[in-house]
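Both of the next two complexes hold subunit A, though its partner changes from subunit B to subunit C.
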Partner chain A sequence: MLSKMKTTAAAAAVASAFAVPASAELTGDLSIFLDTSNPAPRATMEAMIDRFKAEHPGLNVETTVIDREAYKTQIRNFLTANAPDVATWYAANRMRPYVEAGLFEDVSDLYAEPEIAEGLASTKGALTIDDKQWGVAYTYYQWGVYYRKDIFAELGLSEPTNWEEEKANCGKIVASGRACYTIGTKYLWTAGGWFDYLNMRTNGFDFHMDLAAGNVSWEDDRVKQTFMNWKELIDMGGFIADHQTYSWQEALPFMVNGEAASYLMGNFAVAPLREAGLTDDQLDFYQFPVINPEVALSEDAPTDTFHIPANAKNKEAAREFLRFATSPAEQTIINNGKNLGQLPVNAASSVDDDKFLQMGFEMLSNNSTGGVAQFWDRDAPAEMAKVSMEGFQEFMVKPDQMDKILAKLERARGRIYK
Partner chain B sequence: MTVSSDIPDTESWFHRNQQRIAPWLFLAPGILFFAVYVIAPVFQSFNLSLYEWDGLGEKTYVGMRNYEDLYWEYVDRDAFFTSLKNNVMWLFLYLLAIPAGLFIALFLNQTVRGIRIYKSLFFFPFVISQVVVGLVFTWFYDPNFGLLNTMLGWIGMGPINVLGNEHLVTYGIVAAGLWPQTAYCMILYLTGLNAVDPEQIEAGRLDGAKGWSMLWNIILPQLRPATFIAFVVTIIGALRSFDLISIMTQGGPFGSSRVLAYYMFEVALSEYGFRMGYGAAIAVVLFLIMLCFITYFLWSMYREEKGH
Partner chain C sequence: MFPKPIEKQSQAAQVAYKSLLPVALAFWLAPLLAVALFSVKPDADFTSGNYWGLPSSFEGAANYGQVFFNSDMPRYLLNSFMITVPTVIGAVALSAMTGFALGIYKFRANLWIFFMFVAGNFVPFQILMVPVRDLTLELGLYNTKTGLVLFHVAFQTGFCTLFMRNFIRALPFELIEAARVEGVSEWRIFWYVVLPLMKPALAALSVLIFTFIWNDYFWAVVLTQGIESQPVTAGITSFNAQFRAAYHLMSAGSIVAALPPVAMFFLMQRHFIAGLTLGAVK
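Now for the complex of A and B:
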């Protein structure tokens, strides 16, 4: 507790140290486009921008919040036609089309500054393409298995640490008339999360990234092994039925009603589960268990980012905003339990007391030595992500079609990567 | 020619040709906008379909490659094949709206107290947005709490997941689309029935026509204009079926409910779509299919005009 207060105090000192001298210079307009359209993140971001305004009274800041889904298609138009000075987006391959089209500003100079070089080292890789950095992270969150502690207690189960225990647990849960996992694959990406974990645990992080980069055949035996592991869970009735018709939110009631015991999800699932009435005594978290003990553990931790469009008009102020948003003090505030409820990206900021955030931070800091993946649809090129996630969904419904599905994905690989 | 000699030479060219110019002047704004916003984009699409373009960077000319890819997708029974097949299914099944609309119209074409209320209730599904129709039917089909499965349960039949089954999903969505489309056809036939000549019915009755033969030989021929319009709007409705698919399944499960319009959106404009040229090629195929119907419609309208 004491150490945390120290870091916060130190963070505040650092933040004010380099924010104050800059404030005298910044003038003009700064236009910020945000995709944080949900009420809570929106309020968080607006409050942060207000604090930024207070430090730079000479600057006229204009904020535009765009619906999160609509933003994904609108970004192409506004980056070319009517670019803001700062825009939110996602790391890794998701930003590649815009980087390659020359629409994002190279911000490697920010990473040369000592505060950022040290503070943001952990997310630097996710923002690097061609040895240059194209934006900064402002939040990230862990993935893992959220489970019903009370159901585990009732059946006498403990958190699994390896694949055998996982399957044994699942067998007992299925025998009690429940499904082990809830999932809603209507929008496909949830199946991508399962594939991420199964493949990273079976073949390791580097293999997974090679597959995302198109260097490995989908009909490779190692990929087949991943799917065989998946098939074991599917065949034993591990997943809820009819998951292809549900969104991830529609899959939540199965867990709340006790029809399913756990959920492989991002940390954002905790808030709706709590709102639905699950207490912290009922809800707990474990890291996805080891499958192949020879590969190091690696995790999914999707990162949300700020970028400066290449056509921005006030790049100096935009850089100052990026410094501000990633400063230890702001990172501590915007990611705390009352705001985004996620993990801060700056090493010098402190993590909220929330038990899930603490467990996630601990897991990502100490127990993810293999690497940190962004998420399947951010690591693989958009087209491959779409085709493959459709394949994952089909596989989860018709596991016997594995060979046919993999052949289809292999054909797509031949077409997409050139 | 003899008339023109009476007109003084001082009269301007515009005055002399007023009769011929006036219609073109009135048509000009329409023609201009139609050319700029409809005709030109058609050719732009054709052009774009010969390129590979992610919508952001440089375009690369690839010739007929996009069409070749479509051909191979067809041969492999991949996404393009599924979309085309579903489009054909939509075209045929959607036409059921015409007989259904006719029979509801015949049923409602009577003078009892409060008939207007019943007519408006039957017309109601056409008034509400397609988005709402999609949501209502999604809940109706829901495997967990949906009304359909509850009702099937009453007669002892097992639950079916209509929108999660790749063989049933298109039928399920078409059924949802038929609900408002039937109402539309019904209103077309109701207006048509108002114009049916009572004397012909009287004459038919004297000749002993009733029931089916009355409907087939006397009523239906008089409803031909209404049938033609109903056919046109239903075919167009089937080809632009996009909103229901987007709302109910997003093309799923595993892409089995896609139609060409949705597939085009997916590859070119959606979250994961960056293949503008490929999307344009799909749009061209869809356009060619539509062109068959448009030509037929124009031709039959032209024939009609000539007949009068």
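Now for the complex of A and C:
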């Protein structure tokens, strides 16, 4: 499998080397700021930049890697004072403040090029504000329900496709002495994932985004319906006990030891589950089931992006770098199992042989017509995300306090959005 | 004498003491033992919930190998030494001199200056976070080892001066008078009379400051950012990936990072205990 990957990658690299357009030779300096500070992603990005350098020997590329957390506080500063030519960031609401402050360059012209228009269609929505595009994605990953196939087989269950099946399945799992879902809400965001899916399935993507943008009351009946659906699972004992004391990693053993049957999580959960001994025969994946058949399916797929700061000096070279990073060949290489192990954003690139990446790519390309969300703590403003995720956690522990919690979130909405 | 020696207690109290002590010890050391145990476990043991059991496979060599040969730990350890050693030298040297001045000379503001040194210890250092960060930024010392060393020296000198001054006060003043009668200059009195007598105090203080600075996490995080300047306490999180905390590697790294102060303490134990009591009891 690996050697096959390598040959594809090599072939793709050769193909791209021949496909270099005979555009004018790029010169000058190109400064790139990266937040991929962890060793593996860092190596991937640096290797990609080296390949870019090899194609443009006349260009002096300078790469600065900044610690991922520190980057989040420094970005506003360097975008205004000392802008690089290319900077990493996140899609959707997380880029909105910089777009509105005029700090990101409008790159709609790139999306007008046929190759990019076709290749990057799946993430275009996440990079669009006011009908213009403000950057390109370079990687993303799916969310969904990872489950123990062997437990499902033992209980005679099949993958649920709607809410009734979901609840019937959960009833049987609980009756067998297990929890349906493991979750660790100590750091709150995992509960945000549940809220994303329940609300998107109950009220649809557009409503969900309106709520994130502060346009809808938290005491709206539609929001209450989301929480009522959630409450059904909580009341039947669907989630593991004491989840508020676990991190997401500490919640994994319940799944590994068969005390819980599934986990709503991002694709990064697969690696530790496999390392703990679960084989692909025991572990499988399904898309979060339909709740309200009238709304289109939409998914969480957090997207990492490249942007050109408005104050960049070498925008021509920066655009070329964006083209390069999103090209099918580069996308195939940087997202394969040996590198980022995530999903390529370009539809023309090939996905790693991995079963879960294949299913995720298929799901996001074909079965997420409602839209692609970036995850609650990226879609909602930071302050609202924090308050609301605390509320979700409290709700999961004390579901009878729903009205009180929603009233509190509504007060927070009045204060935060102004 | 307080506390009353255990042999003089009642029989029941002695039995209770002897049986409870190991239990308390086990509880006390449980987190440390867990870290030690985790450092030889594979990552999968965390995911499968094997927190306290035997390792499913012995990965000690692999984990420690990763720490030493396949991570930035050696660099962080070096940074720690390059921050700690100058700080110990700087703080101890300065406080030996201030202690001498405040302990030997009688001048009007003596006590007030001494109080100023001591008062620094009563300031909760967390409230200095923002001003100190701004100061180092203005001085161009932000994210440098020098900045961290200078700050530590400045801040530790207060406590060290208290320690040294009291120690020097306890020395027989006749020695200094005798030297003065002989016409020895003040500098030479400090160097040839007082300093040799202070050896136990110097050793004790060095060990103490070494462990303080080595284990500092707060200022390391506030004043430094990257591999070029961060000490090991702050660098240990570099084992974490974007989504996952690598507990097995962090455990192995923590054990390695904890070794120098422990070694220092055991090597200097004799001086340490002697020095502390010498400084405290008149």
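As a working rule, the second predicted complex is superposed on the first by the 392 of 418 C-alpha atoms of A that agree within 3 Å, B and C clash if a C-alpha of one lies under 4 Å from a C-alpha of the other, contacts with A are read in each partner's own complex, and residues count from 1 in each chain.
We take it that a contact is a pair of C-beta atoms (placed from the backbone, for glycine too) under 8 Å apart; a residue touches a chain by one contact, two chains touch by 3 or more.
What you see is a predicted model; the values in this text were computed from it and never measured.
In the superposed pair of complexes, A:K355 makes contact with neither subunit B nor subunit C.
In the superposed model, A:K404 makes contact with neither subunit B nor subunit C. In the superposition on chain A, A:R415 contacts subunit B only, with no contact to subunit C. Within the superposed three-chain model, A:K338 lies out of touch with both subunit B and subunit C [touch as defined at top]. In the superposition on chain A, A:G266 contacts subunit C only, with no contact to subunit B. Using the contact criterion defined above for the overlaid structures, shared-chain residue A:G277 touches subunit C, although it does not reach subunit B. Subunit A is touched at more residues by one of its partners, and among subunit B and subunit C that partner is B. In the superposition on chain A, contact is made by A:E100 with subunit B only, not with subunit C. Residue ranges on subunit A touching subunit C, taken from their complex, read 38-41, 67-68, 70, 247, 249, 252-254, 256-257, 266, 268, 271-273, 275-277.
Residues 69, 72-73, 76, 79-80, 97-98, 100-103, 186-188, 241-242, 244-245, 377, 382-383, 385-386, 390-391, 393-394, 397, 408, 411, 415 of subunit A are the ones that touch subunit B when the two sit in their complex. Those residues of subunit C lying in contact with subunit A across their complex are 42-44, 46-50, 71, 225-226, 238, 240-245.
Interface residues of subunit B facing subunit A in the complex, by the touch rule stated above, are 54-57, 69, 76, 78, 141-144, 161, 163-164, 249-250, 252-255, 266-267, 269-275.
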